[in-house]
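Each in structure tokens, the structures are laid out below.
In what comes next, chain A is part of two complexes: it sits with chain B in the first one and with chain C in the second one.
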Partner chain A sequence: MNPLIFTTILMTVLLGTMIVMTSSHWLMIWIGFEMNLLAIIPILMKKYNPRTMEASTKYFLTQATASMLLMMAIIINLMHSGQWTITKVFNPTASIIMTSALAMKLGLTPFHFWVPEVTQGISLTSGLILLTWQKLAPMSILYQISPSINLNILLTMAVLSILVGGWGGLNQTQLRKIMAYSSIAHMGWMTAVLVYNPTLTMLNMLIYIMMTLTMFMLFIHSSSTTTLSLSHTWNKTPLTTTLILITLLSMGGLPPLSGFMPKWMIIQELTKNSSIILPTLMAIMALLNLYFYMRLTYSTSLTMFPSTNNMKMKWQFETKRITLLPPLIVMSSLLLPLTPMLSILD
Partner chain B sequence: MMTYIVFILSVIFVVSFVGFSSKPSPIYGGLVLIVSGGVGCGIIVNFGGSFLGLMVFLIYLGGMLVVFGYTTAMATEQYPEVWVSNTTVMGVFLLGLLMEVMLVLYVLKSEEVGVVFKFSGVGDWAIYDTGDSGVFSEEIMGVAALYSYGAWVVIVTGWSLLVGVLVILEVTRGD
Partner chain C sequence: MLKIIIPTIMLMPLTWLSKKNMIWINTTTYSLLISLISLSLLNQPSNNSLNFSLMFFSDPLSAPLLVLTTWLLPLMLMASQHHLSKEPLIRKKLYITMLTMLQTFLIMTFTATELISFYILFEATLVPTLIIITRWGNQTERLNAGLYFLFYTLMGSLPLLVALISIQNLTGSLNFLLIQYWNQALPDSWSNIFLWLACMMAFMVKMPLYGLHLWLPKAHVEAPIAGSMVLAAILLKLGGYGMLRITTMLNPQTSFMAYPFLMLSLWGMIMTSSICLRQTDLKSLIAYSSVSHMALVIVAVLIQTPWSYMGATALMIAHGLTSSMLFCLANSNYERTHSRTMILARGLQTLLPLMAAWWLLASLTNLALPPSINLIGELFVVMSSFSWSNITIILMGANITITALYSLYMLITTQRGKYTHHINNIKPSFTRENALMALHMTPLLLLSLNPKIILGFTY
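Our next item is the complex of A and B:
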């Protein structure tokens, strides 16, 4: 793609999300979502084969439907309150429709079906943008309307997302699908605590974005999109295998790595609000996530499967240089002792 | 009939939406889109927005839909699908029509309809002078406000249109 046009389109994606996050008028928020959707389609279609076109079409259809639902919720809100500002949603029907629309944009169950298929059909870099940057805008709107969200619907969607994200990722060997199911599960964790303490949602979003960025960059660095291809990284860059181990365990939520911080805080906040069964269930279902992360580490860093000699070499001869990778790795594994600094987020 | 003109136009609006949502070929979808655009323009004009209605006719129907019609006519197949050619399309169209007819009867018969918000029968669709709009017409004031206080909206929509063109060129360019 022409670099000038690519830069323009990428800047429009950023501009769309910024408009969503900084607007106080519902119509501008909808405009921001549409601008974001329009501009990310050619980024998803960077390579011109039928898979990427199919993935872009699926993404466009689901997100456009979600925008339509959002517009309907905005108009119902307008009819009942007579004003366009985002303080809270004044009508329960509008609140439910808006929550469903934003859940469709995020990829929460039962609207999660597009996430693995779209993530699998596009390149690794586009998948990175899809799973990290595109989550910011809907989450910011959920944060702003959080006092008026129907708790039952949101908690049901969150718990089902954690279950589907864990269970669905069990049979996958393609790395992009694994990251997609991990995204579904993390979105579930984020929305579970949204009504109780939205600050923790933002904390979870921050740490999730860091860890997902790290994982995707490690995959891009070793140009691997399948588990088999990832298991050959010990030959090219042995250090990468250790880093993959640490980052994957951090994503699974194991202490003393930073991925434990949001889970710990969320479970603490939920128990403070006298719900015990819910965080227990959530923690148990996060084990499913941990299982397939550990399977990845097992084949990548911990064992070397018997293979013929010509399978042992990776074909790539030039190492990609990713400047941001070392700080990201450090941040996604060593942030746990900084937990007392959470008080600045208030 | 003139008191219920907005209701009638709204019904024709929904019926033409059902007509293209049941997915005949694009050329026939464009045909009912013209009808729905014209009827929507009529609804806007009935609420006092003559300028905006004329804008819909000129720009939407006379500009965008004409271009859409020509490009679809260039790309159409030899025997395009009509509503009665395919059982599925006809079934969906009839189903949509049936639901619309039932809804219209429900609104006409009952005193108060409460689906998401309550409105009292057909009475809520009739146009009557609600308040004192003063000397100036509201819609012209709205257009003026768009270009003065709403400069940011104009910038954003202009940028979206430019990026829309760039995106379409990128997507259809291929390799």
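Our next item is the complex of A and C:
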């Protein structure tokens, strides 16, 4: 793609999300979502083949539906409150419709079906933008309307997302689908604590984005999209196998890595609010996630042999330059001792 | 406490910056020096704990376990030299780094005051152990073993996290030093029963309790020698240590909640000892023997009398040294015949008489011969369980008999009788191996002269 056009489109995506995050008028927020959606379609279709077209169409349809539902909720809110400012939503019906619309945009169960298919159909870099940047806008709206969200619906969606994200990823060998199911599960964790303490949602989002960025960067570096090709990285750069191990264990939420911090804080917040069975269930379902991460680490870093492998290896034309990989890796694995610093967020 | 933790962390740069012919020498020497530092903690003048800071403390329960941990690192390094000799230098350094990381986490776990910090470090010990088992084990079953190990422990410990946080909400602080003093009885309710279960299950899985012990034979058998040593000697004791710490907060539910686990442990110790009599795999025999000994510790901790606590602590230290020594002996067999089957390497006394002497001493301490500290531990546990209920003497007596049976079975099969003719060209014992056995045996024998230091905080 022509670099100038690509820059313009990318800037439109950024601008769309910025408009969503910084507006106080509901219509501007809707406009921001639409800008974001329209501009990201060319980015999703960077390579022009039927698979990408299918993925982009699915993405467009689900997101457009969600935007329309959002518009309907905005209008109902306008009818009942007479104003367009973003505060809490004044009508329970509007609140439910808006929560569903934003859940569709985020990929929460039961609206999660598009995430694996869309992520699989697009290139790794586009998948990176899809799973990290695109989550920021809906999450910011959820943050702003959090006082008026129906707790039952949100918690049901959250717990079902953690379950689906864990269970669905068990039968996958394609890395992009694994990252998609991981995203569904993490979104579930984030929305579970939204009503109790939205700051922790933001913390979880931050650490999730760092870990997902790291994972995708490592995948792009070894240009691998399947478990099989990821298992060849010990041939090219043995150090990345160790880094993949550390990052995957961090995503699974194992102490002492930083992926444990959001889970710990969320469990603490939920327990303080006298729900004990819920965080226990969530934590145990996160073990399903850990299982398929462990499977990835087994094939990648924990079973290398000092022997030549007789499988086809991909030819690498050039060494891909990855920006910011060392700081990302450090931040996605070593942040746990900094947990007392979270008190500055209050 | 930093005087132990910082040198242990510094062992990692020491490994990476050492020259090729000095890595084993440097790390073994410095870890021996660190273990000398930890010996000073054994001098506890009063029954109170030695508080080093708000975050670390050591009391008569954690000091012997800490000394055992730091003593074991040089032994692990000495034991690993042979099977790593053919690996490239970076992989050797990685292995030593994993062992050092594990050691750091273990030291911090045994001395943590805040229970959530204890939990985080308890979980953190899983990661290096998993990497050691899966990456450096020798058979394909090691993958399954790593998964079983990780997931059994995590399933047990996630409810523990929730329980600890809810206790913190109730009582305001989880600092162990404070909890000792403002202990109140837990009110009687269904949710407190689940709280009791949530707190204890993590340690039950780690010990392991008889019904949840499936991970242990897999993990012990598939791990390389240093992994087996640290698993048997220290990681099982983490469960016992945690149980001893957390039962102080869990009264009065323990009086009735403990019954199912007592039954499982009492029956389980006989079952696992009996399985040992039918094992063909030498490491598997030692692994099941570990389950049996740890079942005694569970019984002792759940009875909650002063003598049983003394027995539990003594038994933990004694079993740590004995079990680790048995694994080293089994490994010396494995390195020569590359098989763990017992009957493949028989009659070793004729070929390696000095090693037979170490086999004899190890088997005698395993069956708790007087005056070793194994006997002191087992005797205290038997006495306290008899006072708890007279009938348990039948089971305990049966267990001691069967333990003697399988220990002697192991000794006689490997050492006595006519040697098999395919092992007549094995290498003689290395000085390193003899030194390893001596370093295991000497503390064990010396402690029988003054067992007071390992009898814990109820002495």
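Just so it is clear, the second predicted complex is superposed on the first by the 335 of 346 C-alpha atoms of A that agree within 3 Å, B and C clash if a C-alpha of one lies under 4 Å from a C-alpha of the other, contacts with A are read in each partner's own complex, and residues count from 1 in each chain.
Going forward, contacts are C-beta pairs under 8 Å (C-beta built on N, C-alpha and C of every residue); 3 or more make two chains touch, one makes a residue touch a chain.
All figures in this text were calculated on a predicted structure; none of them were measured in a lab.
After superposition on chain A, the partners chain B and chain C are seen to fit next to each other with no clash. In the superposition on chain A, contact of A:302 is made with chain C only, not with chain B. Residue contacts after overlaying the shared chain place A:19 against chain B, while chain C stays out of touching range.
By the touch criterion defined above, A:327 reaches neither chain B nor chain C.
In the overlay built on the shared chain, the residue A:39 is in contact with chain B alone; chain C does not reach it.
Superposing both complexes on chain A places the Cα centres of chain B and chain C at an angle of 160° as seen from the Cα centre of chain A, in steps of 10.
Contact comparison for chain A: of chain B and chain C, C touches the greater number of residues. When the two complexes are overlaid on their common chain A, residue A:280 makes contact with chain C while staying clear of chain B. Applying the stated contact rule after C-alpha superposition, one finds that A:271 touches chain C and leaves chain B untouched.
With chain A used as the common frame, chain B approaches chain C to a shortest CA-CA distance of 41 Å.
On chain A, the positions that touch chain B within their shared complex are 1, 5, 8-9, 12, 15, 19, 28, 31, 34-35, 38-39, 41-42, 45, 48, 76, 79-80, 93. Residue ranges on chain C touching chain A, taken from their complex, read 88, 105, 119-121, 123-124, 126-127, 131, 134-135, 143, 146-147, 150-151, 154-155, 158-159, 161-162, 165-166, 169, 191, 198.
Chain A makes touch with chain C in their complex at residues 245, 249, 254-257, 260, 264, 267-268, 271-272, 276, 279-280, 283-284, 287, 290-291, 294, 298, 301-303, 306, 336. Chain B makes touch with chain A in their complex at residues 116-117, 153, 156-157, 159-160, 163-164, 166-167, 170-171, 174-175.
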